[in-house]
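Dropping the structures in below, format is structure tokens.
Both of the next two complexes hold subunit A, though its partner changes from subunit B to subunit C.
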Partner chain A sequence: MSLRKHGLAAGGLVLGAALALTACSSGSSGGGSSAGTGGAGGTFSVGLEKFQALTPSNCYDLYCAQVNRALFTGLFQFTTDSSGALTPTNTELTKSLNSPDDGKTWEIELNPGFTFTNGEKVTAQTFVDTYNYAANGDNGQQLGFIFGPGSLDVQGYQDVADGKSKAMSGIKAKSEYLLSITLNAAMTESLFKNFITGPQILPMPSEAFKDPAKYEKQPIGNGPYKLTGPYNNQGLSVVKNADYAGTAGNADQIDFKIYADSNAYWADLQANTLDVTNNLPQNALATAPQVLGDRYLNTPNGLQYSFFGFPANDPTFKEKDVRIGIAKSINWDEINQKLYYGTRQTATSFAPSSIPGGGQDVCGDKCTFDAAKAKELIQGAGGVPGNTVRIPQLSNETGDVQKAICNQIQTNTGVTCTVEMFKDFGEMLDVTQNGKAPNGTMVGSGWVADNPTIQNMIYFFWTSDSPGNVAQYKNPQFDKLLKEGVQAKSDEEQIAKWQEAEKVLYEDFPGYAYQFRNQVGGYSTNVSNVSISPDGLIDLNVISVNS
Partner chain B sequence: MSDIQLDVETSVRPDGPASRTLLGDAWYDLRRSWIFWISAALLVFVLVMVVFPGLLAPQESTSSLTGGCQLANSLAPPSSQFKLGADQQGCDVYALSIYGARPSVIVGVLAAVLTTIIGAGIGLIAGFFGGKVDSTISRIIDIFLGVPYILGAIVLLSAVDLPGIWGVVLALTLLSWPTAARLVRGKVIEAKGQDYTLAARSLGASNGRIMVRHILPNAIGPSIVVAVISLGLFIGAEATLSYLGLGIRPPDFSWGTMIADAQNAFFQAPWTLLVPAGFLTLTVLAFILLGEAVSEALDPKLRK
Partner chain C sequence: MGRYVVRRLLQMIPVFFGSTFLIYFLMNALGDPLNTLSPQQRQNPAYMEYLTQSFNLDDPFIVQYLKYIWGVLHGDFGTTFSGESVWSIVVERFPVTFLLAVTAVAIEIVLGISIGIYAALKRGKWFDNVSLAVALVFIAIPLFVLGFTLQWLFGIKLGWVAPSGIAQGWPKSYIIPAFVLAAGSLAYVLRLTRQSLLETFNMDFMRTAKAKGLPSRTILRKYGLRNSLIPVVTFLGIELGTLMGGAVITEGIFNIPGIGQQLYTSIRQQEAVVVVGITTLLIIVYMLSSLLVDVLYAVLDPRIRYE
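Up next is the complex of A and B:
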């Protein structure tokens, strides 16, 4: 997969405005279990920012994913289990999933009765056509990569991606409602479902492939709601799909309003003219809990982290004790409280507890704030060469956090700390990998997971041959453990391998995750039963409009 | 005896001062203006902030290297420890405001001095030589005056990577000299036709001597007034540009960067915004008042 795709996800130290850069992990949590407290009917509005595209195979951000939750029903969706971890589960469209040959071939049986709003039936062939369209390199669809190596690795993908063939030999409709997917290598059921669910390619009718441009203007879906007309930059409206075979949504109509920035919808939310949002601007965080009361949403353990890395080619960070000393000199609990008002959590690993096998204290003492010990470690290692460290800041960030980090490093270690500006993550990669950054420049970015696996959280920045390996970390043992996890035969073995890989990473300490981002939002007095899942999406179906 | 004395002799009042120079006369008037004394008092305070900030606040509290700026004190309200409260980073707002004066005022003074020197020089040449020289210079001035002030500065500073004081001074000077030039040019044309100029010329004085000794002293008055007033405005412009992230950049700070940092926390901690904004407003006001007082004193027509 290309760096361009992941450059989007790697949005830098994830700050207020950075939600726009998130990759989507489509699906939802807590679907059918929660019943609406209010009655059915009514209209409510949802605040969004500009998205890339609504066409399912081209939707790779949180905003289009949120709209498409209303317009489409896919094969699986992420739900939260009793331990708080996100797992992919069948939607009402999927009857069963099984593998006759221990994980190499997967057969998905669909429930009949689902149709697109133009009357076309949703069958196994629908998915065959949709997937082949998405994978075809000539169509330039953003999500085609999920069939490629590093993800599902479907048989015949490469030929389709290169434009040599129209159909992946591994994807077939065995009968009207039986879809079969054959992979190049076997994988566990949970990994297969994670790869196909996040990011998910939702089913598209045959009309979509005839005139993609027209389809993008007014997508036809198979979901609980349908569009009232073509959408524009102001927003779009959806109304209940009367022919929907699954559980219908509570509200009759949902208006999606597209805002230029999150400040504008914070104003509308306070004025009660916007009903639901899953994003609040930085300057609303302090007052939102008081202003909104119990209508303030703050879901911990979002699938997003921020990290720092110490470039391997910079002699400043050669001593491990220097790296650990810098990490220990920053009091993240204080920063999360004073600057983020409790909407961030201090990370102790790369995977929050919403990920199976995550939430462990892998970093341990290295990530525990201790000013005296930090100074001692740095001095014991002969000090920081040049006595200066530089904290990366991207041009779309305000710099408050960088300032606070620098103040803490300076106060606690006496090492001078300044800010190094980068236009974007791409420039940071270029500058640091080619040794063009001044000595002492740390790297850092944020990551929004595609799916809730430890592997997805760490592979991009830390595997030896990854284009996103900004700290130039290379450890064959780490690479091997990650790969063995992917090929594991059971969930337990898989998670154990990945946890071990994470331990290796923290042992070498080329960098560390310092922060998990909560999912923060709010709703107006007009609606009830609103919640945000750790994947960042709101379950629109269960929201009820107060009468 | 210079021409200035000749020029002002007619306006000397019976109860006037013994000294009869233009400046002496102006000083006589200034001393009797309450506006002057208010602005002078404010300016003395500003001067102390710029030259001896250590007298007013300890420098240690402005940097985390010396124990200031502890995040634990974030947005602390005014107290005995923080006279005017703490900002989001836990820095002492009072100390930051005192030390933030220096870059703001230095930018203002440099820009005002450079604008006046360049503007007066070009205006003098245009007005004195007239003809093609004048037309060319006047058209150039028109072009510069056509550039919107703040927009021009933003574009310039975005294009030129010159952070800190010098970029702002460059941008402000480049966009402001035409105003001073046009003012001086008008005054020079006026003075050129005066009897004392004709007398000097008939006595065989060179162009240079006439310009420097006879015309300039009589034409410079208004541009000094404009310089003083615009000094205040330059300080405001520096704050604007720093607020937009184009002027002073971290770890340096000025009133503009403080105001920019304060906007997120304004409703919880209004002092983070009001204090630097107050310092800025008072300083700008002081220069504008001084400019007004000086203008009244220098211009005989405005004398009561």
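Up next is the complex of A and C:
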């Protein structure tokens, strides 16, 4: 039985949560069209997996993010620009964003008129309170880190995180509708917006802080829809918020159904008892295009990749040609077609084209499948010590992909290939960092971007002091370039630095991204105008119910 | 009889401690639950620290267990990592699984016993042979194959019921999953009823009853069934407990928000308190149902006495 979420690639995501950009982005691509043009009104259903929490400051997976985009309106949202890249833009709540001192202090002016559904006004103080609640370590909120070092790095964050203070000195309400955020170091406008938008902490009313447990069950938002009651394990329903100050959604009601097994989504979608899903089980991918026709969604360039790494403490991978040889011996195009039915793309860098500056062929020849060359490289380097490589598999994966990879490595290079099981990413980290893995064990995992920047795609697994540096890659030049990019004064300089850092990474070749995931889903005959944004979320507002 | 029941109830106390300890120990042996956090979640040291503190992950195993038991004895069953109370999860999910299991047992009783009786009466005829063959097929089909097939047939192809979820309520949402859950045992109940009834038919008292000239209906009801159903009742009583624990796969296929589904998720996420809470509850249900069976024994067969 596969009671598991997405069929992930080798070393795929360690999914307690598939993390996403928490934002209200727009489905600017327009999406698939289908017969029947419904206007406003009606009810449709959306399939989800159980989210960890709905409370905005604790919402760090795709599923709560999807619900919250109906319940809340934040400061910024990710929209797709003409080049297909995601960029953060103002929502209807945000009037303007300015920095009086070249990027150290940011002033956000809010549009008045937005209220929570309990009548409380959304003001600058709302954000001050929400942010301080999120950052406070005693509250155990998952998104508090966005104010910390490595992200926004707001003045006074550390004291609040440690529970020594209740308020970050850097966040202030200068007037009723003017929010001011002071950082420890200046950054560009686009980077500031990226950090604050993904993952985004949506505004919470003061009621939320008085009784967090009660709020969690039925969050009060300021968005186009509001909950009809507390959620339970079957799901939740939202109806139009009549007092919403922004642009209203098309449908009158949206029912979110919670699924524990993606096979059940598929069954319900085929029976038309589920209207919209951005999750299809692996075994449905082969037939879904035929069954659903133009109601099948397969959007490339999702902000998710899978990668392999060669641990630096393993002598097996000491020779760079061995590492390149292994990479060149795997035919990803074939695997993506045969096992994933075209719902994955072979990666040539860590950043897909939906990221500004992404979509480049950074890997070049190293990632191009060439069996003869692969064998030649490995032999030229004196062969693989021990003549064995081990491909990582996590306990929530079926192992089909690992088998395919191993077959290719073995056939194309003659090197013995086996699968090494890990319970989860944490165990993989522990085992490989302490040198407890047998020689020849490769590492791997997946990443779902927090925000569309090259930096976010690579910093966690590859910077020297990162807790996620599973391959133990250390190169001060790489760290420096990444940091210089963060401190850059212009977007061009920033992207150039990060692209350079990525080049260094591929030059050293401690590992590589092998696959980008498409956003896959489908919808029933009851609805139209459904599309999935590269961040994995569906724009619910524009969906219309067929009459 | 009263003393017997009290003694049996007292026996549950050591079982409670033993089972909670064992399950807690097994969950602990899986390693650090913080390891199950995704790479993204690991980037927040303050959150990791919060989890370590609130779930006593720094303490030695035995201290963790004692703290947990202390909480349970004070009515605090703990929370999941995301802060949901285990008690509220159980309260919300337990009735769903219970209803599913009861429906499954009802199907076993109605179909299993009636077909079994008819097969016994028509021993060696075509009905007997066909029911035996069908029973064997149901035993042989893996649960999930039957589950997906029936889901496709009734949910997608025919559209009689929603393929998943419990939104349509009882019986519509429960009948197909309950049948899938019951299928394997249904065949067993059928065979058991038939076999047991046939054995009873050969008893002396049955011949006497026939010789007295009683109508065959009365013989079957008063003498045949009452004597032959004891093993069936035993089986069905235990079955309720077994089905509740075994509903994991069925609840997965049909997306039924019961405790099986939760148990599966929580084992994956190594949420020891949830797993221990649910499993202990299942054990108690199992023990209570087997106690009920033993008491029913005495009612069905006055020859059985408990001291």
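By definition in this document, the second predicted complex is superposed on the first by the 510 of 547 C-alpha atoms of A that agree within 3 Å, B and C clash if a C-alpha of one lies under 4 Å from a C-alpha of the other, contacts with A are read in each partner's own complex, and residues count from 1 in each chain.
Methods note: a contact is a pair of C-beta atoms (placed from the backbone, for glycine too) under 8 Å apart; a residue touches a chain by one contact, two chains touch by 3 or more.
Since the model is a prediction, treat every value here as computed from it, not as a measurement.
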Fit-or-clash call for subunit B and subunit C when the two complexes are aligned on subunit A: fit
Residue contacts on subunit A - larger count, subunit B or subunit C: C
First (subunit B), second (subunit C), both or neither touched by A:Asn232: second
First, second, both or neither for A:Gln282, with subunit B first and subunit C second: first
Partner chain(s) touched by A:Cys406 [first = subunit B, second = subunit C, both, neither]: first
Partner chain in contact with A:Ala53 - subunit B first, subunit C second, else both or neither: second
A:Ala381 touches, of subunit B and subunit C: first, second, both or neither? neither
Closest approach of subunit C to subunit B (Cα atoms, Å): 9
Intersection of subunit A interface sets (partners subunit B, subunit C): none
Subunit B-facing residues of subunit A, complex: 282-283, 286-287, 331, 334-335, 338-339, 398-400, 403-404, 406-408, 410-411, 414, 416, 418-419
Of subunit B, residues touching subunit A in the complex: 63-65, 67, 69-72, 74-75, 88-90, 250-251, 261, 263-265, 267-268
Touch list for subunit C against partner subunit A, complex: 30-32, 34-47, 49-51, 54, 81-83, 89, 92-93, 144, 148, 151-152, 155-156, 159, 162-167, 249, 251-255, 257, 261-262, 264-265, 268-269
Footprint of subunit C on subunit A - complex, ascending: 1, 3, 13-19, 50, 52-53, 58, 60, 135, 137-145, 148, 150, 161-162, 212-213, 216, 232-234, 257-261, 263-264, 267-268, 270-271, 273, 396, 423-427, 429-430, 445-448, 450, 460-461, 467-468
